[in-house]
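Both complexes shown next keep chain A, but they swap its partner, so chain B is in the first and chain C is in the second.
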Partner chain A sequence: MKVERLHRKNNLGLAGWIRGGRYGLERYAYTLHRITGLGILLYFLLHIFATSSRIWGPEFWEKTMDLFEKPVFKFGEYLVFVAFAYHALNGIRLFITELGFGMGKPQRPVIPYKNAVRRQRPLLIVAMIIAFVLIVFGGLDFYLLGN
Partner chain B sequence: MNENNSTKNTTTVIFEILRYNPETGEKPKMQEYNVQVYKGMTVLDGLNWIKENLDPSLVWRSSCRMGVCGSCGMFINGYPRLACNNQILKISNKKLQIKPLPNFDIIRDLVPDLEGFFQKHKSVKPYLIRKDIQEQNLPTGEYFQSPDELTNYIQFAYCIKCGLCLSACPTVATDERFTGPQALAQAWRYNSDSRDEGSDERIKAVHDEIGASRCHFAGACSDVCPKGVDPSFAIQLLKQDFFLKTLKLRKDEKETHVIPTAKKYVPNPKIPEAPKPTVKK
Partner chain C sequence: MRESKLWVYHLIAGAVILVLLGIHMFIMHLDAILYSLGVGSQNPIDSGVVFARSKELFFMITYIILLGTALYHGLYGFKNILMELTLAQKSEKFISGFLTLCGVLLFAYGTFAAVFVFMK
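On to the complex of A and B.
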């Protein structure tokens, strides 16, 4: 007798970006890269909307500008800067690695295995240090030196 | 399980295993078993013990029990691993949660459906392609290859098609169609083989919108691979090669030559002759 078989879907979906195991740093860098990318895109859309609000007359423009002076938006703007700093620096690392550089050469697989992800990790760390410095200085500029 | 193991020092480890029966189609549920674990016991040994002593209905896939066949990939304590390649006590001495590999359909209990995975593997033409078919089919000799040329690809040739890398991949998690680390690594295994001439033929399968360019180098595949294949590295090399060749910054490889088989065999006088066979044919 033929039994109907019901395979069950088991795709991790979006949860797979975040959850799904204890992997190396790069996998989390991947998720953060996507989130910051989407965040910057969202900002970009908002930015176009804000600057184009002038077409609804000077009053509307003034109002939007006042709105964006609020601390929440200022913090939001800083977040965009943070996202940008991360995305740019990690992006440079990805440029280098996705073109196959900075990862050494194929080797005979001898236990304990070493992989290219480990070999390029210094790049990630340097990129993150620079991003961190940018974020700190950006914060100083936003809140202390600016205005 | 042999008897003398029970006399050894053992620890009780709880196995929490996902159960799914395709005939009822009910939602998968977790079931617990207590297993007496001795030092050196692998996860696969534990499953075998459960099947023999507690629950004969438990289903999984395994064969070689030594990390060669690639059939026992499972999601063990939140990490894709081979059941036969991991000792229980090295993972945990309290609880082991075992689920089928994510990103594959579940056929039953711990058995993932690898059909699509093998299809992806086939799609990249994972075999030696030569322009001179005549020579390939009726060889007059051997293709030359130096040890350095061998090192170029040998690590990628170690793949046992276990599917762990696809389970770890965040891109596969959201896009089932993505060719995936295993197949792309195999494409590079053949592209980088000095004897192969099929890179052009593979371009369509490898560099389409669900191919190598979907990889964003999360690197999880290389971390989980039990054979040191380093698939993420292979994919980046694949991209590099495509990029450099498109911009004409890298020349096409030289053709490998065929070494004709020696006509007359002259034995080396320094090597003693093999002893006479003791068993008659």
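On to the complex of A and C.
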């Protein structure tokens, strides 16, 4: 048991979480996926309590919603939307690659060759473009059309 | 339960959330765009609209499904991040148990709220 724990030792500490090192773009996508995931989780836990407040009736609900009308909450809400758009689109990419699609067939690493990470990179780029479009539309809705 | 199984559930929950939260986001947060296209309501958090929606069976059921899958997906993801701290096995067990308990309690509370407003 002791050997197993030694084997699992985290030598890099926090830097191991944040630094991409030689792993490249996908490693940062992974870090951002986690940060946005944690942000959404925190919001979601508060969201459960806020939306469940409707058990106390319409007046209480309106009071709760009035609280969230302040610009700082509106900006926070938009940040959650941005996090959602990123997390969802990157999540679709992860789903596709997790199931083994978009990475090409296994092959011998005879130079010149393309590794699986490079083969799936167009997926990352397309996912990020769609996420960006969603974020722009969300911004339009939150700040221009929604008023 | 085996970790690989929990991971597959995490993926399945992600796919379910993608559909349900996609609908949720469009109705609640892209409402102005939808409304200008002639779909949805002008103010989706207006209490009249909210309570009318809560009385629809479709929304009551999807709220509960979304609540359960999102809690599982979020808390399991959070657990995975914490496990990378490589804590003592006792602490890992405590974290798993604590997060499971939180998930169950929150699910019970949210489900109660959805059913209560639906029946009222």
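The rule is short, and it goes like this: the second predicted complex is superposed on the first by the 118 of 147 C-alpha atoms of A that agree within 3 Å, B and C clash if a C-alpha of one lies under 4 Å from a C-alpha of the other, contacts with A are read in each partner's own complex, and residues count from 1 in each chain.
By our rule, a contact is a pair of C-beta atoms (placed from the backbone, for glycine too) under 8 Å apart; a residue touches a chain by one contact, two chains touch by 3 or more.
Values in this document were obtained by computation on a predicted structure and should not be read as measured data.
By the touch criterion defined above, A:Met65 reaches chain C but does not reach chain B. Of the two partner chains placed around the shared chain by superposition, chain C is the only one that A:Ala88 touches, whereas chain B remains out of contact. Contacts of A:Glu26 after superposition on the shared chain: chain B is touched, whereas chain C is not. Shared-chain residue A:Leu145: touches chain C; no touch with chain B. In the superposed model, A:Leu38 makes contact with chain C only, not with chain B. Of the two partner chains placed around the shared chain by superposition, chain B and chain C are both touched by A:Glu98. Overlap of the chain B and chain C interfaces on chain A: residues 5, 8-10, 16-17, 34, 98.
The touching residues of chain A, when paired with chain B in their complex, are 3-17, 20-24, 26-27, 29-31, 33-34, 94, 97-101, 103, 105-111, 113, 115-117.
Interface of chain A with chain C (complex): residues 5, 8-10, 16-17, 34, 37-38, 40-41, 44-45, 48, 51-52, 54-55, 58, 61-62, 65, 77, 81, 84, 88, 91-92, 95, 98, 137-138, 140-142, 145-146.
Interface residues of chain B, counted against chain A in their complex, comprise 20, 22-23, 25, 28, 75, 78-80, 100-107, 112-113, 151-156, 158, 168, 170, 172-174, 176, 192, 215-220, 222-225, 227-230, 232-233, 236-237, 239-241, 243. Those residues of chain C lying in contact with chain A across their complex are 11, 14-15, 18, 21-22, 25, 29-33, 36, 45, 47-48, 50-51, 54, 67, 70-71, 74-75, 77-78, 81, 84-86, 89, 106, 109-110, 112-113, 116-117.
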